[in-house]
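Shared between the two complexes below is chain A, which has chain B as its partner in the first and chain C in the second.
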Partner chain A sequence: MTTGGTPIKPFLAKDLSLLGLPEIAPENRPRKAVELLGEMKEQIRSLRLFMDSCAKCGACAEQCHSYLGTQDPNNIPAARVDLVRKVYKRYYTTMGKIAPGIVGAEDATQETLEQWYKYFWQCNECRRCAVFCPMKIDTAEVTIAARQIMTKLGIVPKFVMGIANNMHKTGNNMGIPVLALKDSVEFLEQEMLEETGKAIPIPVDQEGADVLYNPSSSDFFANPDSMIGAAKMFYAAGTTWTISSDIVETANFGLFFDKGVMKEHSNRLLNAARKLKVKRIVGGECGHGWRTWKMFTPELNDRVEFPIQHAVEEAMQYLQQGRIKVDPSANPEKVTLHDPCNMARGAGIIEEPRYVLGRVVENFVEMYPNREKSFCCGGGSGILMDEIKETRIKLGKAKADSVRATGAEILVAPCAICKAQLPVAMEGNGVEVTVKGLLDLVGNAIVL
Partner chain B sequence: MAILTLRGHDFEVDEDGFLEDPSIWNEEIAACFADTEDLPELTEDHWKVINYLHNYYAQFGIAPMIRKLCKETGFDLKYIYKLFPSGPAKGACKIAGLPKPTGCV
Partner chain C sequence: MTNPLAFLVAGILPYVTALVFVVGVVGTMMRWNRVRVPLRITVTPAPSNVVADIAYELLFFKTLFRSTRALWGGGWVFHVCLALALIGHVFGIAVLAHQFVALGASASQSEQLSAFFGGIAGLGMLVALLYLLYRRTSVRAVQAISDASDYLVLLLVISIVLTGNYMRFFMQVDLAEIRDYLGSLFTLNPAPPANAMFLVHIFFVQLLLLYFPYSKLMHSCGMFFTRWLMGKRDLVSPREGAA
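Let's look at the complex of A and B:
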């Protein structure tokens, strides 16, 4: 499978050795895909339900940012799911076996897999379609299944595989080695000392701390204000905390393409917490990472003895308890909030960021749609590859329209993927706005 | 992997046009890669950034935090984008022979 000409599909990974999967010869892939689909439909009841359920009512079409932005009919959720459903019907339903033409059943071919790769990497797994579908079909579940099948066939984007390799090697998606992590920590501590006159620590591997904080590794490259905000917050609240040099990554890319990778990442965090003998875990600014911690941790681990909370919930509690004092005049700009799909719609953290923003900024405005109806930034599920930047700009169009209407100067996005994608989506769609994390603004407003 | 020919030399690069083997990098190679970023001439300020990136990577095995890059070179991010229109990660790191920064960035 090639991506020749103008790249409209992500570059393919060549080295999948980390996954330890048996190699499938390209000519056997369609047959194997059908086999894997058969296995999955037996294991995942919801998948079978979604295969059988669609009424083709079209409600999803106008609600999907991917279709709205690309205007490609295969990006209509119902049509996207049909890419799998037509194969499912052909091999696993009576009518599909006997009279495929009548029921829209199709053989699985190389072309089928080309279509799967093209379209399931244009679905952000945002699940907005499910909110509006009368059958409550969750397209993301189908996308996850189709991508898992493709992974087992050896078809994975280079960008995603590179991140999985980094995670395995260093415990974070950027591939930051321990010495570099410590250097960055030292640098940020120095920055905070210069700014505040106070020695605010970012403890590393501190045994017996109450909290193990698990930020996005992008905090140590592109988004240090989020790390600074967290450090200031814990300091002001008097919480003993630490990061682990073994894992500074709340984002779980395994959710996007491989359950084995997802499991390894989840196990690694709990083992780090056990090793450091902390009481609880706090997750940093990551949307789908949060959904993984909240929804998948029990099934991925033998035991989960640590309460796990989001940094935004932590901030809200500190404010409610009076443990931190904030001055909103530190954030005088017009500020709006992007509800990351997996944090808000996916895991219900909707009112907490509003509670916090209401107290740390002077001028907060809502965008529309919002909350569980918020549009995806367009980067969800790891669609951050440079080679499909034009597609990403289209995927971000609906969100750009929402932001433009607010006239906001600052766009708060408590999610590392959103922080990476939104500048591309906004600039690409002609919207001038600065993207920041929620903790960034908390950090500005905290009175030390 | 592909072969990119710059100024008469062949380089092994990945799909993003970044040098496959950072260990072969030198200043002549940097000048060649600057062509791919539409920078026919590298000024003293360009070299300040390039050398800082190269040395940091040699010591720590990863690109430095962008904020630290700004602090140590004395250039704010706006100016770094002026020097390297593709930015510190996609532009400057490429010329400095680093692997392309990846992750949620």
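Let's look at the complex of A and C:
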């Protein structure tokens, strides 16, 4: 499967000291994996049910962008889950113990773990299979479990570990130090002043603001228009807001490999909100960070005393309340919307971006499949490593086909990971389109 | 005198089967239920009514209808015919195919109707199963996810349907004899009938039921749990240690 000399697995992290886990010798890893799986099957109902309930009907195969793009049978959702199920059957089911060959049960070996590493990092945890499975088996749950086991064994991609380290040191994934952050903020403020003639602030660490805005750190460099859009929106609506230099990162990579890291990230944000005495938190353009907040934080973290909402919801409310005025002629291009998996399937934001786009652009077209049936961009769940770019292009093929059919000039993706992956996926699959955030277009259209 | 093999299959094995099946199925479901739901994992948009969603799924297999139409055809026809056949077995044997008398038919009309619906169900299952077997062997993706057990279950169910259909279409089965036999089982005084095809039929049925709790056939029970778990809005277990 290797093409052009590109490695097909993400590079492994060497330094996992941040996680503070006991080191497991490679020869003990398979045995330990079995042990950890045994614990998790008693702790996570979804995992247990999904191990026991697959009828092997194969309905998932053609619904998975990963299989469609790579044509690798191990990327069929049922087959991917089977990589764990084989081991589960062998050690924890009656039939797997007495007749492993017949039920497809297999011993856990080094090779098992190599397969896990390869294929659970070709699953974007997008949950589309769960939408099309009659049993609603959600492969993402199994991928999350398998990656968590691998993390405890010391098998973590360098890319996600690097991000966790950056987050720990600087409060953002890109490792931006506070001074550089403030520089970037000033630069963006200057840009807005030149463009609008108005002093639109991006307040940093302002105590007592109504809103703590938690953008993706890429909004300061790769996607500055999203940050500008947010600043203009809050300014026009008259909302007092601030970002926190302790955490300018809504993307919570803990979700992709370690629950402890996920919890730590959310704690950091909660503490920042407490320190700045804000009334509520608004999450920036990010899918999985939003899912973490909406679905996981209430259980994982001890106390969540702040209401939290997504920037897209915020924009919709301002439009509904008439607090911002927009002129759609500022966005005359043909625009289509990519529904980020973690927003549409993961945490129920489906109508909101449509409401907003319907008012800030002149020519909005739907792409198909869309809403909860939308294909993943191919970058979800932290699969943004440069070293597997060729695989990422394959993972983005289904989405590229959807976008191509719309003939749109602008592809809106209100998620930082999608924004990083889509240009790669579109170019790699020969689709010419400009990828933008939703707030970028709101920013363009706002009448100040 | 009863043949010892027949007595084993129809006089002793049924008790073992019943025990294994009930303990296995109920035990598995109880174990599922004991495991916590640590985090909210609803797939959105969540159905407004989970019970209605599950009922709708059960009746129409709506998810397969949306994803893979041919599989939906095979799967739906098989399961509907299976339901029809199971209901038919209960009524047909309990009231000797006179169930339609309650709806105004004469005794012989009822027997004909019973034979008609039974025949449809038996043939429907056979055709659907053959398609599903064809699909499993010929569609690349389905082939790739199939283990020996997936084929064995299909072949076992096909064997049950074939023996059942044989009795339906090529034999005159004395339903009263079957009813008396089942009655003898319930009164713990088993008296197996002499019908060899019937014995083969129930032997296969028992093999399937014995295997049931340890196999993917548990999807029949798991489906209620998974759709409830993934469909119910913000379903989550109370914190550990919380009252």
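We adopt the following convention: the second predicted complex is superposed on the first by the 442 of 448 C-alpha atoms of A that agree within 3 Å, B and C clash if a C-alpha of one lies under 4 Å from a C-alpha of the other, contacts with A are read in each partner's own complex, and residues count from 1 in each chain.
What we mean here is this: contacts are C-beta pairs under 8 Å (C-beta built on N, C-alpha and C of every residue); 3 or more make two chains touch, one makes a residue touch a chain.
These figures come from a predicted structure and were not determined experimentally.
In the superposed three-chain model, the partner touching more residues of chain A is C, compared with the other of chain B and chain C. When the two complexes are overlaid on their common chain A, residue A:179 makes contact with chain B while staying clear of chain C. In the superposition on chain A, contact is made by A:44 with chain C only, not with chain B. In the superposition on chain A, A:221 contacts chain B only, with no contact to chain C.
Of the two partner chains placed around the shared chain by superposition, chain C is the only one that A:296 touches, whereas chain B remains out of contact.
In the overlay built on the shared chain, the residue A:95 is in contact with chain C alone; chain B does not reach it. With both structures placed on the common chain, the touch criterion links A:118 to neither chain B nor chain C. In the superposed model, A:387 makes contact with chain B only, not with chain C.
With the contact threshold set out at the top, not one residue of chain A is in contact with chain B in one structure and with chain C in the other. Contacts from chain C toward chain A in the complex involve residues 28, 31-32, 35-46, 57, 61, 63-64, 66-68, 71, 75, 135, 139-142, 144-150, 152, 211, 214-216, 218-219, 222-223, 225-227, 229-231, 234, 236-237, 239. By the touch criterion given at the top, residues 41-46, 48-50, 52-59, 61-63, 67, 73, 76, 78-79, 82, 93-95, 101-104, 127, 130-138, 141, 294-296, 298-300, 344-348, 350, 372 of chain A touch chain C in their complex. Those residues of chain A that touch chain B in the complex are listed here as 11, 158-159, 162-163, 166, 172-177, 179-180, 183-184, 187-188, 191, 216-218, 220-222, 224, 251, 286, 384, 386-387, 416-417, 419-420.
Residues 15-16, 60-68, 71, 89-90, 101-105 of chain B touch chain A in their complex.
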